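Look at the two complexes coming up: subunit A is in both, with subunit B in one and subunit C in the other.
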Partner chain A sequence: MATQVVMEALSPTMEEGRLVEWKKQEGDPVAVGDVLAEVETDKAVMELVARVSGVLLRQTVPAGQTVPVSSPIALIGQPGEAVPAAQGNGAGAGAPAPTATAKPAATPAPPSGPAAPAQEPAGTTRVKASPLARKIAQERGLDLRAIPGSGPEGRIVLRDLEAARPARPGAAAPAPGAALRPIAAVPARPGATQPFADAPLSQMRKTIARRLVQSIGPVPTFYLTTEVDMERVSEAREAMLAAGSEVKVSFNDIIIKAVATALREHPACNAWWQDDHIRYWNEVHIGMAVAIEDGLITPVIRHADRKTLREIGAEARDLAGRARDRRLAAEEYTGATFSISNLGMLDIDEFTAVINPPEAGILAVGRIVRKPVEHGGAIVLRGRMRLTMSCDHRVIDGATGARFLQTLKGMLENPLALVW
Partner chain B sequence: MANQFDVIIVGGGPAGYVCAIRCVQLGLTTAVVERDKLGGVCVNIGCIPTKALLHSAYVANVIRHDAKELGLTTGELKTDYGTAMRRSRKVSEQNSKGVEFLMKKHKITVIRGAGKLLAGKRVQVGSDVHTAGKAVVLATGSRVKGLPQIGLELNKTTVISSDEALFLEQAPGSLAIVGGGAVGSEFADIFNAFGSKVTLIEVLPRILPVEDAESSDALTKSFKKRGIVVHSGANITRATVGKDRVTLEVEVGGKAEKVEAERVLMAAGRALNTEDMGLAEAGVQLTDRGFVKVNPATLETTSLGVYSIGDVAGPPMLAHKGYREGVHVAELVAGHPPRPIDYTNVPSVTYCHPEVASVGLTEEQAKEQGLAIQVGRFPFSANGRARTSNETEGLVKIIRDTRYGEIVGAHIVGSHASEMIHELVVARTNEYTVEEVDLAIHAHPTLSEAIAEAALDSMGRVIHI
Partner chain C sequence: MPVLTYRDALNSALREEMRRDDTVFLMGEEVGVYQGAYKVSRGLLDEFGPMRVVDTPITELGFAGLGVGAAMTGLRPVIEFMTWNFALLAIDQLVNSAAKMRYMSGGQIGVPAVFRGPGGAALQLGAQHSQAFESYYAHIPGLKVVMPATPADAKGLLKSAIRDDDPVVFIEGEMLYNQKGEVPDGEHVVPLGLADVKRPGTDVTIVCHSKTVSAALKAAEQLAAEGVDAEVVDLRTIRPLDAATVLASVAKTHRCVVAEEGWPFAGVGAQVVDVVQRNAFDELDAPVLRVTGADVPMPYNRHLEKAAKVDAGKLVDAVGQVLYR
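So, the complex of A and B:
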């Protein structure tokens, strides 16, 4: 039988919507995801998309009319399907579901293929969703009616929420792409009982954010480059290898450890931009960009500041290996507080990396190259490495980022600092 | 043409034969290539015969330890491994015949012999070449292997694997088992019940190392009570293989121990059946651990139209994981895109006594992932039904995510744990939280009440303790 299309709550505070323009006419074929109409909400003009495929049988609300959320506005069904009168005139809301006058869809659904999303009669707000999905949606302020379900019979399950955005733009919810799961309850540092602290935005910070976004895009990025002398790191690494550790510590492992340690001293760089506040993390979770077949993924070394080099080395290798085999669980590549991208092994001298929101910074690591530099009053050959940090200016100001890089440089040039 | 099929499956074990049946259900003509018996390791020399022997062991232990208290006088208990073994063979044969019947019923062509993959979705068996129009599925499985690097190469007399243990005429006087995973623990249980002096040796800090630490501890305790010597965190430093005796020098917790036994049963590690199959030539790559490399979403190998399922396609090496992968590939090939396989919801079961079963994360893993959790426990000693059957060992443990009530992991040690775990597998698969588990009314008196109680305990509301 035909499926009713209802006015959806396209913003969490929306109670009614004005149908601005029909994008599909009666008789037009529609597929799931097709834009049916433009709707003006209390906030903006938004697109209303089809949740089922078929033919648009009837527009029950003319353009220009305002109707409450959940009222029927159209019918989608099979070509030539009869339109029941009760549904045709738009009076179906709240009334008992009319008996089907048309035959069910001609092609039966595949035995276990994902079925079309819930085909509920209008007026009922029943949504098929798992109990876990309901609880998370409730806390994150997600409107389940707006989320297509991928479970049996269109049931909404956890993985469908991963892709969904919070309905309340200002809700205290992670930004898209951030970890859904609560991240770490273990206090990161002595004294810190919460994994992070949310700081409200000052008027100045709001202005900085607004102006910079206008200037260069949604993540106003600037770049800071410094060159680091890596001789002592090389020596330290060789000493570690000679000591016969079962994990071969790499330069990358040492850089991860140094970045994590430096971030602890510069919490201002270990933060997430959250639209209406900044989340300063007390924990350090380092994302490490790994190239995989046709793409890249950023597995996360959690609590990297509290792990030994050997632990970081072993974990980095395990994560990278499984990343390449595509065997990472979602929580293993989400929730980083800062990221590192290293192209040194591909002979890149220096580059700029793209920030992975909501993180506020990413460090691009170039290769170590031996070059003549002044050292102790003489010109000598030293292994040097260029680091470029991309900073989200809404969170990190120039001097803030520079001071972090200074600490990082100091740590790498005096790697004993990592043990202190 | 007789040699032309839609799908050719190489390997008639659990993954392969289930894939074949699902293919036929979806209208595909299908052939299964099998070099040995249908049903594979599982039916013939794995899951099924060991469970038959474990049942003998269970009854022996009930008679030995409980009969008197239950008001049953039996006289002195005599065990005969040979008889139990022959019964287990009969059960295996019935099951293998059952698979054969299923092949016939679904008009699946069974090609006897070893299959070799050729380019262009072709499979050579002997001198015949068979062509698959849609897909070739590699389901060749795995086999036991020894540890030649520490001097314990399988010799089938004193150093044996499960392949030989399942055909012994009598239980050895003493047996050292190397490997305290599921296989090692099950054989420890069996041979202990049949009177062997059993020493179980595990290199990792505890037996059943993939299970929750509390499960390992509960099983260790039970094993020790029955006289099984458990050396975990043990390194075999030297092995001397004699004609009718093996001596193992073992380092346990800094102390050197000597283990002497008539036989050593190797229950550590498995080798993958990927040799002499023309894989490399046909463009099928392996991972660095030796599994066939597959795209985890489609299980397609690096060679177009060639898929791989079951043990050979990657861990966990479990028959029920292979079943699911078989169904998955059949539906993909038939053009019915299946829902993704949820590898985080594959139950793990060890069938010794008490049984150990789990799904999801261990407490340790949950903590490592930084999840905020609360653990709920309920011991069977507080469960009425368990007391009625004198089986009060073990517990149900549920790890709950404190924010949403998600069941992060569930662990059961105890009688019938293998059957009970599915309530929690269903719960997790459908994303029920601990609250839904509690809201479901559990019949009284049942062992399953312990699950509801553990769920309640994870919310701080346990009733019966």
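So, the complex of A and C:
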């Protein structure tokens, strides 16, 4: 019996996909892992691969068409296998997925070929896992959403868990009912051996979260603005450019480095809101908003605190270029612990950026403008830049964010701090 | 331990029980002078005489009713149907008399009768003579249904069935009568309601009964060559169903395939799947699959008949699916 190929959710937020190009034609042999088609998601153009082997019997969606996630797009089966009419047609955009396929009366009960599984309604992202896999994942504290499934329709089965690690490496399988997370009285330091520490919510944090969400929406945001003197950064950048390098370090690269370095000192701002706990990251991954045609995307510079300016510069240019070509892989634009949005090059003095959940903060960077300020007892013209940090108040309190900005400002006004 | 055929194992059970208890008697078509259509009653007329080994006309409803009446008066009849295909004519006596009597008499009158004979398909006997009816009888509260797969189980289970105080439907296999196996001498009794692990394994459970046991064991051998260690659970008694043995096996292997000779709809396997999914849901790594006879009247054509039957190859395929191979 033929197996349906469905439009898969190739990014965490994908609800529909446009079939850009078929890479396998009807009648082509197909092996597990072969690229069947290129699919444009909300973020990028991705490859859709085969989950079963056989022959591509039927393309039910033509190239160029957009269909919801979980909709059938093709059938894979045995050579010469008849394609039931119900499966061959009517699978266009928005067509409801068939819930089952009637068996001919003469077919023996299920010994041959997997039955057409019931389809999830388009747009749902329910994790499919066998009951055993769910039970074991719960016992071991594994996050099923992070485990690729090798069964039909991506079902997670026992063997997929054997390769998976606990969500917190080092934390041996806790007994059921035991505390699931190490309790961090103080957020752990970046650079620790574990990537993050989860902290349970105190009653006060719960109250702050509940009250502020009632007040201004699901992410209760407040804004902190400071003005930074950029003269010494400019001098440092001029010196670096004069020294010559294949990579031209930009102001933005220096800001990324400074933010990452400052976050190491303020892990309370390098965190995710997780509804029932806060995840304080020990690693610093900076999301960098990049404007692209019809939208924006936030590629991530991983471990930005541990990279040199030159590395950050090269990586930022590569990611931004590929972002504009919509050729980023999902892991390249997910997983940031803090983000930066810079509109300085578009002559914006200052603005507020919208937080990208579950991150707790984002920094909006304005342009550098020469203006008269007091310096050394005199009024002089100096390059000044305004930074506005949006903070999720459930995670970051006013003073917490302000102290982070103070450190950041100090680093930018004394760039040598970056190399300490 | 002596090696007996399945038919001789049944014969020795009958002989031993008739010697042990003079209320036990055998009745059916050709059981006496002809010594049984399948020679299960060979020698019994000579030993026990025509009062206890009774030939009947071709009147299934009639002699089944005589059996129920005899049981109500305190005898222990063993009623032989030449095959269970012919017993359709007698099903009213089994369902409406034998199964109901203890309940409707407020526990005063039991029916300690055994109804036995071969069920299922043999070879090219056509649609009307190639049917597996265990799910019909297992459906009825008040009936026990027993289906031995080996000579030893045939003997031990028939002795238990004869001693049981309630009506027992005892379905043999025409294709099993010549099968040989070791059978313990003398008092070998297998309790009703106990399944048997015919082959231990760790990777997948194959639940089966009667003729599908040999298919399952053959499939297990093929799977072993591929590195898959299958456990074969022979239900032996369909009702009462030994859920504990099945569930213990599934808890170990996490995967289950259920085989039966009969049709898929409302079959014995459907009941097994219900028990497994309800009681071992969190142990399952894959849906429970069934391998059944084809959902058609049994074809007479030899090739079509073969295609319609359960065999080891179909079981190997199903095991491959539950292992996601």
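The criterion applied here is as follows: the second predicted complex is superposed on the first by the 229 of 420 C-alpha atoms of A that agree within 3 Å, B and C clash if a C-alpha of one lies under 4 Å from a C-alpha of the other, contacts with A are read in each partner's own complex, and residues count from 1 in each chain.
In the analysis below, contacts are C-beta pairs under 8 Å (C-beta built on N, C-alpha and C of every residue); 3 or more make two chains touch, one makes a residue touch a chain.
Just so you know, these numbers come straight off a predicted model, no measurement behind them.
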After lining up the shared chain so the two structures overlap, which partner does A:P131 touch, if you call subunit B first and subunit C second: first, second, both or neither?
both
Which partner chains sit in contact with A:E139 here, subunit B, subunit C, both or neither? Use first/second/both/neither.
first
Please indicate which partner A:G151 is in contact with in the superposed arrangement: first for subunit B, second for subunit C, both, or neither.
both
Check the contacts made with subunit A and report whether subunit B or subunit C touches more of its residues.
B
Which of subunit B and subunit C A:A329 touches, first, second, both or neither
first
Taking the superposition on A as described, I'd like to know which of subunit B and subunit C A:Q203 touches: first, second, both or neither.
neither
Shared contact residues on subunit A, subunit B side and subunit C side combined as an intersection?
110-112, 114, 130-133, 135, 150-152, 157-159
If you look only at subunit B, which of its residues touch subunit A in the complex?
26, 287-288, 293, 295-297, 314, 331, 335-340, 344, 367, 369-372, 401-406, 430-433, 435-436
Looking at the complex, which residues from subunit A come into contact with subunit B?
110-114, 130-133, 135-136, 139, 150-152, 157-159, 181-186, 283, 302-303, 321, 325-327, 329, 331
Subunit A touches which residues of subunit C in the complex?
254, 264, 281-286, 289-296, 308, 314-315, 317-318, 321, 324
Subunit C partner contacts - residues on subunit A that touch it in the complex
105-112, 114, 130-135, 150-152, 157-159
